[in-house]
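What follows is subunit A paired twice: with subunit B in the first complex and subunit C in the second.
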Partner chain A sequence: MLKILTPMMRIIEVPMLALQRKIGINRLAWAFLLPNLVLFGLFAFLPVILNVFYAMTGGDNVLLADRPDVGMRNFAQLLDCSNHFDPNSCREDKFWRAVWNTIWFVVLQVGFMVGFALLTALILNRDIRARGFFRSVFFFPVLLSPVVVALVWKWILQREGVLNAFLDWTGAGGINWLVDAQWAFGWSVFISVWAHMGFYTLILLAGLQAIPRDVYDAALMDRASAWRTFRRITLPLLSPTMLVVLILALIKGVQTFDEIYAFTGGGPGTATTFIIQYIYERGFAGAPRLFGLAAAASLLVAGVLVVLTLVQLRISKENADG
Partner chain B sequence: MAKVLSFLTATRGKGRLHWTDWVSYGYLIFGVFLMFGPVVWLLLSSFKTPNELDRFPPRFLPYAQETLVVDGYDEPLLAFVVTEGELEGQTVGQTRRAAGRSEVVSPSNPTERVRLTTDQLEPIEGIAFATENYTQLFERFNFLKFFWNSTFITVTATVLMLLFNSMAAFALSKYEFRGRTTVLLLVIGTLMIPQTVVLVPLFLIVTELGMFNSLWGVIIPGAATPTGVFLLRQYMITIPDEILDAARMDKASEWKIFWRIILPLSAPAIAVLAILAIMWRWNDFLWPLIVLTRTENFTLQLALNSFQGELQTDWPSLLAMTVLTLLPIAAVFMFLQKYIATGIASTGGK
Partner chain C sequence: MKKTHLLTTALAAGLGVAAGAAMSQEIRFMCYSDGNECEVYDDLLTRFEAENDGVDVIVDVVPYQAILENLPVQLAAGTGPDLAKVTDLGGLNEFYLDLTPYVDTGYWDASFGETLNWYRNGDRQGYYGMHSQLTITGPFVNATLFEQAGVDMPGAGASWDDWATATRAVTEATDADFPMAMDRSGHRVAGPAVSYGAKYFDADGNGSFEGFDAFAEAFVGWNEDGTMARDVWASQGGSTYADAAQEFINGEVVFYYSGSWQVGRMDEQVGDFFDWQVVGSPCGPAGACSGMPGGAGVVGFEQTEHPEVVAAIIDFLAQEENYAEAAARTKNLPAHLGVASAGVEFQDASPAAQAALNGFAGALPDVSPIAFAYQGYSGNRAMFGITVERLSQAIVGELSVGDAMMRAASDLEAAMAEAN
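Coming up: the complex of A and B.
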């Protein structure tokens, strides 16, 4: 690696040195920033602006110049419902199904995941033997790719899979898990919690370990009960970390796509179709490619994410300052 | 409730284990089964023959029917033990089989063929790890191509990302220039724009740049990350400016200072970022799914997903491929898990 790198760096040095002589040391900073800024500009900022144009134009052409202006009609189509709680009454019923699925999914997934992550972190924070080992056990699934996670569980849950074999053996009888809408949704929540829990456990554990020991010693001196110690010391001192974890989990939860798409394909029917899959299907998977609708839906999701991220940055800043 | 919490918060005294310790260890051991179990099951299953995979209920370890070499027969014969009749208890090889009847020979008397009904025979099986599922990947599918695509994307994107991000981090940590705050705010701004919400315009830009259906279309947009810039900047700030000044006195160029001094000194942070980048790129799914539509461009993740989507799921090949896909990451995990944990905790995993 170094053998390729060294000559490469030497070659770059020639123009950089010439530039340095010409513009001086401090302005050379821009040269160092250039590649990154070009990439950010091309693949982050420019898309945000273009997204607005896509959202306001129709047709299935990808070139903006060839797209007719439709004003706010894409948004109107997405939001047109006689009753927003009932997707069947909506013009773009698939969008609302995805929205409600996502909301339910995020509530359940974030709730269970943060709950179990907290429980696991509290247990790992006890005086446990082989803590490092157990910590990495819970962390292990975080490294697996979404498709691998989906396939690992699909293999267990398939009709003649090992879970049904076990249920058969206990006499309960097998269930065709991924064909039943409610089971498929439940398992989607489960595999998502399974795959990501370790990450949040790690952050919460770090938060727990940052609580100074002497606070607990003082509580012990005052003969505070364990319950009281938990309520009055652990929870309040952990709450900034909890908040960050909660927001991070929400941001990621809203964007859930990969593992569920590989797991159920969004089905059965639309039972596990979430908002990003809606965007993907409208924009890229189906014909005609309705880029306008996909972009409009993206903007709505982006709005939610920006609010969540601002809250997160605010909290992290307060944590760092306080 | 109070009891539940008392065990969560209490720390163990010396000597005997408190009942709360038993519950804690119980929970953790259950965790080991829940987290490792499914992957171990996948691994064991991938070594089963297709026949064995179809078996319901499945067995834990892979088994295969043993074979028998009998004089006068070129191919090894499937081995059975006779359960009733004259030959009861003897091991025989099956030579032919039709409509519930089998023709068998005994290795001790290879010239005499005996006809038995199938229910008089029981197959002899032993634990055997079948590797056909794996070899088939190379014969029937373009596995090496997918593997190469994934590797190429991961390596190139990681190298580019490390170079670009460390250059930007160097500029933002070691130079006083007008507009620095603005640039920092811009970088924070990009944190708020996940790829998932700009898919459509990103697709246009990548297509216009001629990178649709090219591996570069996956590599380039991922080469600059705000997380990487932040992580490296935080680290580079701690490098004392005096070192830079000393080097400048010796007439070292700024670029030389960057790659001869700053980069080696930032090695720990760069290592953490490298591990994260490898993980992100190897596991990447949604963007490659949009950019790479031709089978010959598929990454392993895309190949896995498309094979399982076919009407009749080819589980034998799929299982083997899944194992090979998770193997590099599992290896990284085993050797570097300490760094991964700290790296992910410090970046918020983005």
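Coming up: the complex of A and C.
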């Protein structure tokens, strides 16, 4: 192997030495970073800059040169409300319905998901029979495509779906789950928890396994109850991992779109329309295509996500610093 | 010697490939199918290729959603196909290739008449699109359920209320789940709305929801009292399209308001399960009994590098014998006046399908001029979307009908201000 690699490395070495002589060893790192920086700039940074320009222009032309400058009008249109708690009082009522739906969804979905993920991780961390099998079972939905998740649950929950067939068979009578706003919202939360819980369970399981065994042995010798052990040892030592999970789940929750869009299309009415769907519909699905309004809304969401990401980075840093 | 020979061969091969590439004209046709349209066009265009050396027409079959959502963005970005089958007829006018210099406009005027206007917009009054399939909205009725219920089917000139009453009686007497259902589409409600007094245009010819309230009240009421299958409109969000064809095919709906493009599907999937028939659009309080015309057409795009070839392809499809063959094989109503007047023998159509297509064709004279103009209005796509979103909100109780209509009016104003 070395016989093959050595001549190859010599081939690379010649131009690298020449480059090092030309730009100096301190600047050489930039040369290594350049390919990645170019890609990042082209596909991540440039779109963000373009998005800012789109947010400050109007019309339905896709080319920036053909779009009239409207300053902050798109932001003003989105934020124009006499009472932000009542979407009907807002000029862009669908935006505020989506905002409030997203807030409620994130609160419920993240709360339930982190709770159930912790419970599952605690159970899977015990020495139970077929532990490997159950770990796979809980992780399996994470591997499914969001559209598959949505379609499977749609078949279960539609008027003549599996669940109603079962309820009819038991004599309980079916419910039109996807036509009632509250049921549709509740099922959206449930499906999202079901689909993503496995990922967070895995992280929490890793966190649990990182807790030193001797701490539990000491608690056992002190005859601490299971509840006291959980409250005084497991939770405090797991809290850094819990915080990371919480922030990641919050970010993911705000970004919710594909599976719920495929599941309910945002309905009934706007009951399950979340902010990303609002952006998609304004920018791409509706007519005329309001790229400016969509870009402004996406910048507002980006602001929220940046704050959440900064919090997560800070927590990660604190964890790393011990 | 051997080296020279190889070099010469390589050069010759390279030049051959380059010459071939220069001679071949590759034309991309973005096509979607309601049934077998793209397959039939592909077949017809093979003949065009045989008659036109060096032309290679590639039919890219895409989902309808791609025509609605991706094609306009591609065109705005200066990319996209050379020609396509579209339904946003006037809305995409700015991108259309004007066929005027390439076709016999006298033949086109005589053959396509008023439908040519659907592709025109503002100052652009040329020849842009061949209306390949004329559609009209209207109801499919499950005749077997009427027979089982012993209820008389309302006759010609019956009102929406008459049909609501009759279908409720049928549902009560049979196992059907819903008296009526209507596709979740702004296009589908347009005919009934005109019959209820919707004007769709203000005095200046701009889009308007004036007069739409009466239909909105009735429609929301039918969804609330169970006359309409609430699932269709309430179980979706945004302006997403949903139909109730499967419910009708399953025998769950007595009266299904959709359109002529569903005939093939009904013919194929209902089979002997029950007797179905097409009746004319019911009448509304405004006196009209209008359906909504529509359909799809084949257009070329200005950005093409081969405008003559694109125009020749569209003109080839527009020739009476080719058009008639496509209409017969796809079971679509012809917009070509010559083909329509000669009559179409729809291929492999059952007597029920043939009668249904004749029924839809017979309903064309009842189409209100408002509905006809609305189909050609460049802002209709925006109005269709707004109609669906706001009516759905009223149906699920997020907004009152009055508030929904006020929001619809302000949405339209905002949309028109942003549109070019």
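By definition in this document, the second predicted complex is superposed on the first by the 287 of 322 C-alpha atoms of A that agree within 3 Å, B and C clash if a C-alpha of one lies under 4 Å from a C-alpha of the other, contacts with A are read in each partner's own complex, and residues count from 1 in each chain.
Here, a residue touches a chain if its C-beta (ideal position, glycine included) is under 8 Å from a C-beta of that chain, and two chains touch if they have at least 3 such contacts.
No experiment lies behind these values; they were computed from the predicted model shown.
Participant: Per the contact definition in the header, classify A:63: touching subunit B only (first), subunit C only (second), both, or neither.
Facilitator: After superposition on chain A, A:63 lies in contact with both partners, subunit B and subunit C.
Participant: Is A:141 in contact with subunit B, with subunit C, with both, or with neither (first, second, both, neither)?
Facilitator: A:141 sits against subunit B, while subunit C stays out of touch.
Participant: Could you look at A:13 and tell me whether it touches subunit B, subunit C, both or neither (first, second, both, neither)?
Facilitator: A:13 sits against subunit B, while subunit C stays out of touch.
Participant: Given the touch rule stated above, what does A:178 touch, subunit B (first), subunit C (second), both, or neither?
Facilitator: second
Participant: Would you check which partner chain A:119 touches, where first means subunit B only, second means subunit C only, and both and neither mean what they say?
Facilitator: first
Participant: Which of the two partners, first being subunit B and second being subunit C, lies in contact with A:284: first, second, both, or neither?
Facilitator: A:284 sits against subunit B and subunit C alike.
Participant: Give one of first, second, both or neither to describe whether A:22 is in contact with subunit B, with subunit C, with both, or with none.
Facilitator: A:22: touches no partner chain.
Participant: When the two structures are overlaid on chain A, which partner does A:269 contact: first (subunit B), second (subunit C), both, or neither?
Facilitator: second
Participant: Of the two partners subunit B and subunit C, indicate the one touching more residues belonging to subunit A.
Facilitator: Result: the larger residue contact count on subunit A belongs to B.
Participant: In the superposed view, which residues of subunit A touch subunit B and also subunit C?
Facilitator: 62-63, 265, 284
Participant: Residue numbers of subunit C touching subunit A in their complex, please.
Facilitator: The touching residues are 69, 72-73, 76-77, 88, 91, 230-231, 234-240, 242, 381-382, 384-385, 389, 392-393, 395-399, 403, 407, 415, 418-420.
Participant: Given the complex with subunit B, which residues does subunit A contribute to the contact?
Facilitator: My answer: residues 9, 12-13, 16-17, 20, 25-30, 32-33, 35-37, 39-40, 42-51, 54, 62-64, 119-120, 122-124, 126-128, 134-148, 151-156, 160-162, 165, 168-169, 194, 198-199, 202-203, 206, 225-227, 229-230, 234, 244, 248, 251, 255, 257-258, 261-262, 265, 276, 279-280, 283-284, 291, 294-295, 298-299, 301-302, 305-306, 309-310, 313.
Participant: Once bound in the complex, which stretches of subunit A touch subunit C?
Facilitator: 58-63, 88, 93-94, 97, 158-159, 176, 178-179, 181, 184, 264-273, 277, 281, 284-290, 292
Participant: Can you list the residues on subunit B that touch subunit A in the complex?
Facilitator: For subunit B paired with subunit A, touching residues are 1-2, 5-12, 21, 24-25, 27-28, 31-32, 34-36, 38-39, 41-42, 45, 54, 56-58, 163-165, 167-168, 170-172, 175-177, 180, 183, 186-194, 196-205, 207, 220-221, 223-224, 226, 229, 248, 253-256, 258-259, 279, 282-283, 285-286, 289-290, 301, 304-305, 308-309, 315, 318-319, 322, 325-326, 329-330, 332-333, 337, 340-341, 344-345, 348-349.
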